[in-house]
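The structures come next, written out as C-alpha cells.
You will see two complexes here that share chain A, one where it goes with chain B and one where it goes with chain C.
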Partner chain A sequence: MINASHKRSDFIERSMLSALAFLKEATMSEEYANRKGFLQSLDPRFKTISLLAFLLTAVSLKSAVLIGILYGLCLILALLSSVPVRRFLVRTLLFIPLFSICIVLPTLFSLVTPGEPVWSFQVLGVSGILTRPGVDGAVLFVVRIATSVSLVVLLSLTTRYSELLKVLRVLGIPQIFVLTVSMCYRYLYLFATMVENIFTAVKSRVGVVSRQRQGQSIVTWNIANTWNRTTQMSEEVYMAMLSRGYTGEPRLLSEFNAMPKDWVWLLCALIICAGLFYSGHIL
Partner chain B sequence: MSDTVFEVKDVHYSYLGKFPALCGIDITIRSGEKIAVIGANGTGKSTLLQLLDGLIFPDHGHVTAFGERLLENSQFDAKTAHLFRKRVGLVFQNADIQLFCPSVREDIAFGPLQFGVAAQEVKRRTLEVAEVLDIQHLLDRVPHQLSIGEKRRVAIASVLAIDPDVYLFDEPTAGLDPLTVRHIIDFIVNANRRGKTIITATHDLHIIGEIADTVYVFGRNKSIVRGGSSDSVLNDRSLLESNNLIHMHRHHHEGREHVHQHLPLEPHD
Partner chain C sequence: MHIPDGYLSPATCGVFGAVMIPIWATASKAVQKTLSVRQVPYLAIGAAFSFVIMMFNVPIPGGSSGHAVGGVLVAILLGPWAACIAITVALVIQALLFGDGGITAIGANCFNMAFVLPFVGYYVYKLISSGSPSGSSRRVIAAGAGAYFGICAAALCAGIEFGIQPLLYHTANGQALYSPYGLKVAIPAMVAVHLLVFGWVEVIVTALVVKYLQKQNSVFFEGGRS
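Entry: the complex of A and B
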C-alpha cells in the first residue's frame, strides 16, 4: 500500500525532474555547438539562412523523393558537423513522425481519400481500403515533417543559443522581443536548478516516501514559491538593467564575421534549392 | 562643496510602506573617497546602495547626487538620468541578477551600448575590461555556466565597461574563495587610486582596512550608529560586538582551549 502510494506521489516528482533535466540538456548543454564541425564553422547568419532556405524548399516541394534528397543532405551535414547520426535519428525520426503518422492515419483510407485501392482488409467485420492517393499524401506529409524537424534540430544543435538570438536581430526581429527571449533563456536554467534544489531540500526533510496528498501540496507549494521568487527576481533584474542605462529601448551587440566560405556555402545552398524546385517543376 | 558626490539627508525608507529599512540616514560622500557601510544582515546596507543608485526613492528626506536631487524616473529629466547612470555604477550582491544577457560578452557590452557608445568602441572596451579582470576566456560563455567567483568578476566587468565615476559594491566578497577576494580588493583599491569614488556595503571586516578610509556602522534600528575612520571603528570592540559584527570564538590552540573575539585587525596569541 505504501509502495503504491509512494509510486503515485513519486510520479509527479520524477516527471518534473525528468522534464527539467531534459530542458537543461536540450537547450543549455551546447555540447554539439561547441564541437568542431562544418556547420559550427559557418557564420550563424549564413547557416540560419541556408537551413531556412532548405526548410522552405522542403515545405514547398510536392515530391517525397525530392524531399528525401533534402533529408539525405541533412544527414550528411549532421555527419560533417560531428553530430552522432544515431542520436540525431532517434531525436528526429522516432517521435515526431510517429505523431504525424497518427495525424495522417485516417487519410490513408478510401473513406477520407478516395482513389485507386492498394490494399483492402477486414477487421471485426469492418472493411478498410487503403488508396494510392491516401498513401502518397501520407508519405509526403511524414517525409516533409521529418525533414523539416531534422533541419531545425540540426540548426539548434550546431548553434549556440546566444548566436541564434543574435541572428534573430539580424533578421529584423524587434530588439525588445529578442531581449525578452534571451532573458527567458538566461533564467530558464536558473529556475530549473532552483526547482530541483527545492525538491532535494524537501526530500531531505520529509524523506523519499510521502503520501499522495502531501506530494500534491509540496508541488503546489513549490509552484507558488517559484512564482514568488521569479516575480521578485524580475523586479531586481529590471533594476539592474536600469542601473546600466536601460531606458526601455534596448541596444544590443551584433558581432559577426563573414568569411568567403560562408558566401560559397550560401550560394551552394541556394543552387541546391533552385535545383530541387526545378526538378519538382518538371517531374 | 563642488566635490560632493552624494548628500543623503534624513532619509527614511520602508518596504511596502510598513517594513522600515532605513531610518534617518545622514551621509555626505565626496569625490575620490573610499567608504564602507557595515552592519549585520537586514540593517539596510543594500537599500542605501539602491537609493544612491537612484533605483528606489526615499519615503522621507532626500538624496542629492552631483548637486542634483534624485527624483523618481517620471520626474527625472531624461538627459540628467542618463548622465547620472553613466557616472554611478552598482555591482549587485547577486551576480545572477546583474548578468541577464545570454553571453558574458553581451553582458559586458550592454551598459556602454545603452549609453550610445559606438559598436567598435564597445568591442574594444569589452576586450580591455575582460583583460583587466582576467576573464578573456569567459567572453563567449553563458553566465549560468560560470562559478560564483567568475560571475562576480563578470558583474564587475559589466560596470567597469561603463567607466563610472562612482562604484557601489554590494557585498563584493561574500561567498568567494580567498584568491578571488584578493582580486576584487585589488580592483577596488586600484579604481580608487585612479580617482574613482568607492562605496562598499559589507559585513566582511577583514577587507575593510583596505577598501575603506571611512566606515559607517548600521545598527538594528536601521540607522547609523557610528561613522569614522576605519581604524577607529574596527578597534571599537564593544561597538562591533553590540552590532553583531564580531563574535566570541572558542577553539583549541597550542594544547589549551582558547576563547577570543573574532577581530579583523589584531592577530591573537
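Entry: the complex of A and C
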C-alpha cells in the first residue's frame, strides 16, 4: 500500500526532475561553451557548417568502419575542446544508442534477417543463428546513430545558445523564425522554473498523493494554469516590445568575425568528408 | 516519437523537409494574417508552453507515470496553423540544443508532430464539438478524441517512415542500411504502443486541461480559434 502510494507520487518527483534536468543541462552546456578549447575558438558559423557536414556524411555513408573514423574524430574534437570525455560518452551513448541496440537486437538473428550464418548457439533448448547481414546491419545502424548523436551534442556543448540561434540565419532560416526560437528559449528557463516551483509547492502541501485521479487532476489543473499565465505573459511581452519600438521587423545583431583559422578548418572538414565519401565509393 | 538522426535515409529526410516547406510557408501566412506583429511573442510563448507540457508527468493506470506531447492541446488553444509553427519551434530547440530528435530528421519529425498530429486532432475536435456550447462536456470528449486520433495518426506516419527504409535502402545481400524493420513490424509496433498507452496519456491531459479551462476561462472557447 505504501509502495503503491509512493509510486503514485512519483509523478511529482518526475516532473520536478524533468524541469531540473532541463535547467541543469542548459547551465552545463553554457559552462562548456565558455571554456577555452578548439571548437569554442572557431567562428560558430564555420563550426556549425563543418559539424553538419560531418553529420550528413555519417548518415550517408554505408560503411561502419568509415563512420567509426568520424566517431573517433568526434572524440578527438571533444578532447581538444575541454569536454570531459567520460561525461561526453555517458551523455552520447547512454540513451539513444543504447535504445537503438535494444531495437536492433532481433535483427541479428536468422529469423528476422536471413543470410550467411556467422555463429549459432543453443540456450535452454532454443537454438539461434546470427547472420552476416544481420550483424553488419546492426553494427552499421548503432555506429551511425552513436556518431550522429555525438556530433550534435558536441555542437550544442561547445556553442553558446545565443550564437547557435544566430547561426540559423546563416543557414537561410527566416529572421522571424529565428527570433521566435530565441525568445522561446528564454521563456523555457522561466517556465521550467515555474514547473519546478509548482511541484515543490504541490509536494509541500499535498505530500503523498494516494489516488491516481487526484494526481491527474493536480497535473492537468497546473497545465491549464500555466496556459493562463502564458497567455497573460504574451500580452505583457507584446506591450513591452511595442513600448521599445518594435514594429514587426525584428533585427538581430551579428557579431561573427571569421579568421583564417576558420577557413582552414572548414576546408579540412570538407576534405575529410570528401575523402570518406570517396573511400565509401571504392570500398 | 522523436526520430533521431540515422533512423531515416538522407533521401527520406530530404523529401519530408521539402514537404514541410510549403506547410511552414502557409502556416506563416495564416498566422501573420491573424496575429500581425503580435505573432513573435505569441508564438514564442506558445512554443515554450508546448515544450513545457512534456515536463508535466501524469499518473497513469498501473502506478506509473508518463508525459504527453500536447500537440492537439496546443492546436485547440492556438489554432492548427499557429500550433504547427509553435511545435516546429519546440522541435527545433529540442533537436539543436538538447539532441532530442535528429537534425537531419527535423522535416520528418515536424511532419508527424507539427503537422499530422495537430491537424488530425484539431479537426476531429472540431467535428465532434461543432455546434456545442462553450462549457459543454461534448467539447471535453471532443478534445480527448482529437488527442487520441492525433497522436495515433502521427505514430502511424512514423511507423510508415520507419517501415519503408529496409524496402528502399538495403545492400545486395539484404542488409538494411537504416531503420531495420519493414512495414509489417514498424507500423504495428508504433501504432499499438500509442493506441494502448501513450494515446491515453494524451487523452487524459488534453481532455482534463480543456475541462479546467472551461471552468476558469470559458470565454476562450466562445468563437475565435477554438
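The criterion applied here is as follows: the second predicted complex is superposed on the first by the 228 of 283 C-alpha atoms of A that agree within 3 Å, B and C clash if a C-alpha of one lies under 4 Å from a C-alpha of the other, contacts with A are read in each partner's own complex, and residues count from 1 in each chain.
The rule is short, and it goes like this: a residue touches a chain if its C-beta (ideal position, glycine included) is under 8 Å from a C-beta of that chain, and two chains touch if they have at least 3 such contacts.
This is a predicted model, so every value here is computed, not measured.
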Could you look at A:222 and tell me whether it touches chain B, chain C, both or neither (first, second, both, neither)? second
For A:161, select first, second, both or neither according to whether it touches chain B, chain C, the two together, or no partner. both
Regarding the shared-chain residue A:30, is it in contact with chain B (first), chain C (second), both, or neither? first
Partner chain in contact with A:119 - chain B first, chain C second, else both or neither: neither
For A:241, decide between first (touching chain B), second (touching chain C), both and neither. both
Residue contacts on chain A - larger count, chain B or chain C: C
Quick one: classify A:185 as touching chain B (first), chain C (second), both or neither. both
Pick one for A:233: touches chain B only (first), chain C only (second), both, or neither. both
Doubly contacted residues of chain A, that is, touched by chain B and again by chain C: 161, 183, 185, 187, 190, 233, 237, 241, 246-247, 250
In the complex formed with chain A, which residues of chain B make contact? 50, 53, 55, 73, 78, 81-82, 85-86, 89-90, 92, 94, 96-103, 105-106, 109-111, 113-116, 119, 122-123, 140, 142-144, 158-159, 162
Residue positions on chain A within touch of chain C in the complex are 4, 7-8, 10-12, 14-15, 18-19, 22, 25-26, 29, 52, 55-56, 58-60, 62, 96, 100, 103-104, 107, 112-116, 132-134, 136-138, 140-141, 144-145, 147-149, 152-153, 155-156, 161, 164, 168, 174, 176-177, 179-181, 183-185, 187-188, 190-192, 194-195, 209, 212, 215-217, 219-228, 230-231, 233-234, 237-238, 241, 246-248, 250
Complex contact set, residues of chain C against chain A: 4-7, 9-10, 13, 28, 36-49, 51-61, 63-65, 67, 70, 73, 77, 85, 89-90, 92-93, 95-99, 102-104, 171, 173-181, 204-205, 208-209, 211-213, 216-217
Flag every residue of chain A that touches chain B in the complex, lowest number first. 28, 30, 160-162, 165, 182-183, 185-187, 189-190, 193, 233, 236-237, 239-247, 250-255
